[in-house]
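Below, subunit A partners subunit B and then partners subunit C, in two separate complexes.
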Partner chain A sequence: MKQPLHPLLIAFAVVVFFFLVAPLVIILGAAVSDTTFLTFPPRGISGRWFVKVFEMAAFRRTIVTSLQIAFLATGFALLIGLPAAYALNRFRIQLPHWLSTVFVLPILVPEIVLGFSLLKSVQVAADLPVFSTLVIGHTLIVLPYAVRVISASLSAFDFSMEEAAVSLGSPPLKTFFTIVLPNVRSAVIAAFILAFITSINDVSVSLFLTGPGVSTLPIQILAHVEQFFDPVIASVSVLLMLLTVGVMAVVELTLGLTFLAK
Partner chain B sequence: MTEPLTIEDLSAHYGKVQVLEDFSLQIAAGELVSLLGASGCGKTTTLRLIAGFLEPTSGRIRLGDQDLTRLPAHRRNIGLVFQNYALFPHLTVAENVGFGLKQRGIGGAERAARVAAMLERVELTDLASRLPGALSGGQRQRVALARALVIEPPLLMFDEPLSNLDAKLRVGMRAEIRQMQRANGTTSVFVTHDQEEAFSISDRVAIMQAGRIMQFDTPETLYQRPANAFVARFVGFENLIPMRVVAREGESVEAEAEGGARLSLSQAEYGAIPDAFVLGARAEGLLVLPPEAPGLPATLGLRSYLGRAYQYLCATPAGPLTAQGPLGAPQMPAAAARLQPLAAQCCILAPE
Partner chain C sequence: MLKRFAGWLMSTPATLLVVLLLIVPVAATIATTFGDPRGPFAPYVDFFTSSFRRAVLWRTVEIASITTVIALFVGFLTAFVVSRAPGRLKSILIIAAVFPLLTGVVVRSFAWLIILGKNGILNNFLLWLGVTEKPLTMLYTEGSVIVAMVYLFVPLMILTLVGVLEGIPDDLLQASASLGATPSATFRQVVFPLAVPGLIVGAVLVFTGSFTSYATPQLLGGERQMVMGTLLYQRAMVAFDWQGASTVAAIMVVVTVAVVLGMTRIARRLNPMST
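== the complex of A and B ==
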């Protein structure tokens, strides 16, 4: 038997849905508009603004940079976050309570401030190249997500399984990969996706850290908007969305499938 | 393949809390020994020390002539069965059972054959390709048992393996564990806080309190001849009456309880009686007699029918006691009576 939905509930759902989807529709519409200015609904249909994006060297370059930074930052965040989340849960009783909070601190600090302090301390003081500073900055802002998501999954993990494996002759490190990791697989995938999206969309930290010759896609979009008001912005936004969705799909498929095939 | 386990003066602590102190235990090859004690007395800690998940501050653990004390856990070759089973949820039943063999580099056909033989023994052949999530509690327990047994370890350890099963299954699994252990002759340590379980499954039982062994003996000896008041209370001696000797005449001893009541006891029946002692008696070891008879004077209280006898709560100058009287003569509450200990069901203990 189906329970009838209250009309108000339906109305509410429709409104929420509209607010979530409307911006996507508007951007998609604006991106295919056959005009030289941003407009919605589109007047005429054309793909030329997508072509234009790739004709502009600045966009081509920043797309690549953004992808590189997102992959590196996400990779580092997982490399640090996975062992950190493991230790926080495995040795919870021995460790002080405040330690798990340390790993969420970067979320609490306004990103603008984080970017500024990184600029001051890492880029200027330590004299690191722009690209490295960007990777460090992005690693910092995505690390809390990695730790949080994996930690949530590990908090439900029964560590006596690990002891069972060790008692059966599996060395501790090997046990981590054969017993612990497969059981937090979906959390690692979720952390990857969340971290990747956060990095590739980041503006505030990147704003401070981009420098001569090195910029990220969102910063390039910002720079473009300051001068022009053409549908290139909409097209590049659509591309950014597609890129994100694409990475998510690839991660889900490869990581998901290889883990399943074991 | 079967080895004796020797634990010498083991001490361990969590942080600043001392959990085990100078703990010693000798288990013969092929013997099944239970650690029995109240929650928090250190049973699991003892197992974790033997398994190598916890480092002792001092003491030694030897299995046969091998010193385990500093050996990493994964090289100790001990079969462990956990209270919550700790099965690997992402591996099938067969993969769970084969896990230990895989670690030992036993591959392909031999592994498959040994896993199949073990699954057959625990009657799980049909479920070989299931994931643990799709098994009942009893089936999970069997998988856990098979996983520990298949590596043919010289030592098996069980941490309250039956406490998550219902009463009927528990008794069945208990017999199964005992049979397999006998058949393989594997030295075993079994942890439980259920006295009946410990007594029914073990060759010997170590009764523990606060990280120390209070008595280590066969179930029969523990039940009949507890070594101290703690063990006596644990195995069901309801009445512990502190007494002191006031007169001796040959084998006969005149002893006085608190409140002045006297009993005459024969050392021929009770064995040597020291000047100060505690008389331990189960309810059935304290007989309700008419007020003219010799014994501790008492006023009868609540009466309950036990089938083979009546049991009485009694008020005495030495405190409240529990005694039994014959079915033929039910006594009224508030009646005066005498309580006479029956030597065969009593014991003489050192004062606490």
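== the complex of A and C ==
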């Protein structure tokens, strides 16, 4: 039998969850307000600020760029992160211990420092185009998700299953796709989602790497807020939240949301 | 032999990416601060003799520390309630914490711009209540940055701690109660010590996250409340002082690494489950 919680503790938690959810409700309200300035509660209901988002070329362009970068960076990170996670678990004894530490480093380095360093050493010194440097930067910040999430799942995988398949004559690559991959499927989906969301929302790395004509959505939002204080930003924010809701629905359907709390 | 080779082959692309495009560029940034023509420590002398930059560093440490302490307190108590909640309610509460976490930093900071502004919700509410005669200035203060940072990091703290608290066996709490401990004594003497490693992980995440943040202090603090992140940007992209920017970057890396390594050591020593 569980001990009942103190009523004050429950009241405290209620206040905290109100504090967590209220600002998001306020954005939603401000986005549908039929006014030219940001206000809550909304005065009148209108969808015109959502239309306005898509009428503005800067937002249209950066939404497309952000999606492209997120898909490319997440794809690259999984493409090189999955074999690395596999190697780290399958050949744990053969590989040096420090190798797994390499993949923790991107978390230790502040993102803003990485962004600035990439600008200096890669974009300017190596004269790489803006878009490519953005993809590189985003791949670096999402790689730890790919490696660590998949690695955690692989550490529970029984590699004798794989050996059994190989000893029965299955070729190594086919074994990987039919035996190993299905067993870590949920980890791959989770890694993809975490990486995608991280990339879409990134500010600190993109900040230094965006250049003339090429920008990402969060950077465009920051630039817009500095000049205007209209409901357009609230509408873009709602669109980003809808994307998050969509992603969470996918997680719920495939893994169950409590997965994320682990 | 073949296995060793296969292992290397599969981990090489990811390793190369991190080494060549993360370690080398960041090391180069730090190295340039020691290659100053005026002497190896000249940029650091510049930084620490400028009272403005010293104030920025101090303000950043202050904001990050206050945010961490509040997030620890709020996150721990809330996570405890969540971890004891019945099944269905617990999933809803976890979703309520995950959703803000997956919503971007810019969006979540922007919300506080609407709330704390001169004509913002909070000011309108206070005017309506009659608490104040004219709107208060809440934006562009240290307090507004801290409030938004706490908002940013509390979900992270809750999710980190719910996992830890759920790992504490119910038997221990029952044993404590049956031996005569009051609920609050159980909380202080059983739950809290067992949660310490999780609290340290959460503290490290929140401190490093708020110490290196850019978007939140930029939106809610502006020029008036400059922190290390906004100073780095201002030096690099507004003043084009790359040496100064590199120095700020190097100090940020040193503080982050020191906090992570220091706290991990403390965590190892304090973990009651180890030995």
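By our rule, the second predicted complex is superposed on the first by the 230 of 262 C-alpha atoms of A that agree within 3 Å, B and C clash if a C-alpha of one lies under 4 Å from a C-alpha of the other, contacts with A are read in each partner's own complex, and residues count from 1 in each chain.
Assume a contact is a pair of C-beta atoms (placed from the backbone, for glycine too) under 8 Å apart; a residue touches a chain by one contact, two chains touch by 3 or more.
What you are looking at is a predicted structure, and each value in this text was computed from that prediction instead of being measured.
*Asks:* Now for A:170: first (subunit B), second (subunit C), both, or neither, which partner does it touch?
*Replies:* first
*Asks:* Of the two partners subunit B and subunit C, indicate the one touching more residues belonging to subunit A.
*Replies:* C
*Asks:* Contact-wise, after the overlay, does A:67 reach subunit B, subunit C, both or neither (first, second, both, neither)?
*Replies:* Touch partners of A:67: none, neither subunit B nor subunit C.
*Asks:* In the overlay, answer first, second, both or neither for which of subunit B and subunit C A:130 touches.
*Replies:* Neither: A:130 stays clear of subunit B and subunit C.
*Asks:* Would you check which partner chain A:109 touches, where first means subunit B only, second means subunit C only, and both and neither mean what they say?
*Replies:* Second partner only, subunit C.
*Asks:* Looking at the overlay, does A:179 come into contact with subunit B only (first), subunit C only (second), both, or neither?
*Replies:* Only subunit B is touched by A:179; subunit C is not.
*Asks:* Once chain A of both complexes is superposed, is A:56 in touch with subunit B (first), subunit C (second), both, or neither?
*Replies:* neither
*Asks:* Just to be sure I read the superposition right, which of the two partners does A:161 touch: subunit B = first, subunit C = second, or both, or neither?
*Replies:* So A:161 only meets subunit B here.
*Asks:* Same subunit A residues contacting subunit B and subunit C, which ones?
*Replies:* Of subunit A, no residue contacts subunit B in one complex and subunit C in the other.
*Asks:* In the complex formed with subunit B, which residues of subunit A make contact?
*Replies:* Per the touch definition, subunit A meets subunit B at residues 158, 160-161, 163-172, 175, 179, 182-183.
*Asks:* So in the complex, which bits of subunit C are touching subunit A?
*Replies:* Listed in rising order, the residues are 3-4, 6-11, 13-15, 17-19, 21-26, 28-29, 74, 77-78, 80-82, 84, 90-91, 93-100, 102-108, 110-115, 117, 119, 121, 151, 154-155, 159, 162-163, 170, 173-174, 177, 183-184, 186, 208, 211-215, 218-219, 229, 232-233, 236-237, 242, 245-246, 249, 252-253, 256-257, 260.
*Asks:* Could you please specify the touching residues of subunit A with respect to subunit C in the complex?
*Replies:* Listed in rising order, the residues are 1-3, 5-6, 9-10, 12-13, 16-17, 19-21, 23-24, 26-27, 30, 37-40, 80-81, 83-84, 86-88, 90-91, 94-95, 99, 102-103, 105-106, 108-114, 116-122, 136, 139-140, 143, 147, 197, 200-201, 203-204, 207-208, 218, 221-222, 225, 229, 233-234, 237, 240-241, 244-245, 247-248, 257-258, 260-262.
*Asks:* Across the complex, what residues on subunit B touch subunit A?
*Replies:* Residues 51, 53, 72-80, 82, 84, 86-90, 99-100, 103-104, 147, 151 of subunit B touch subunit A in their complex.
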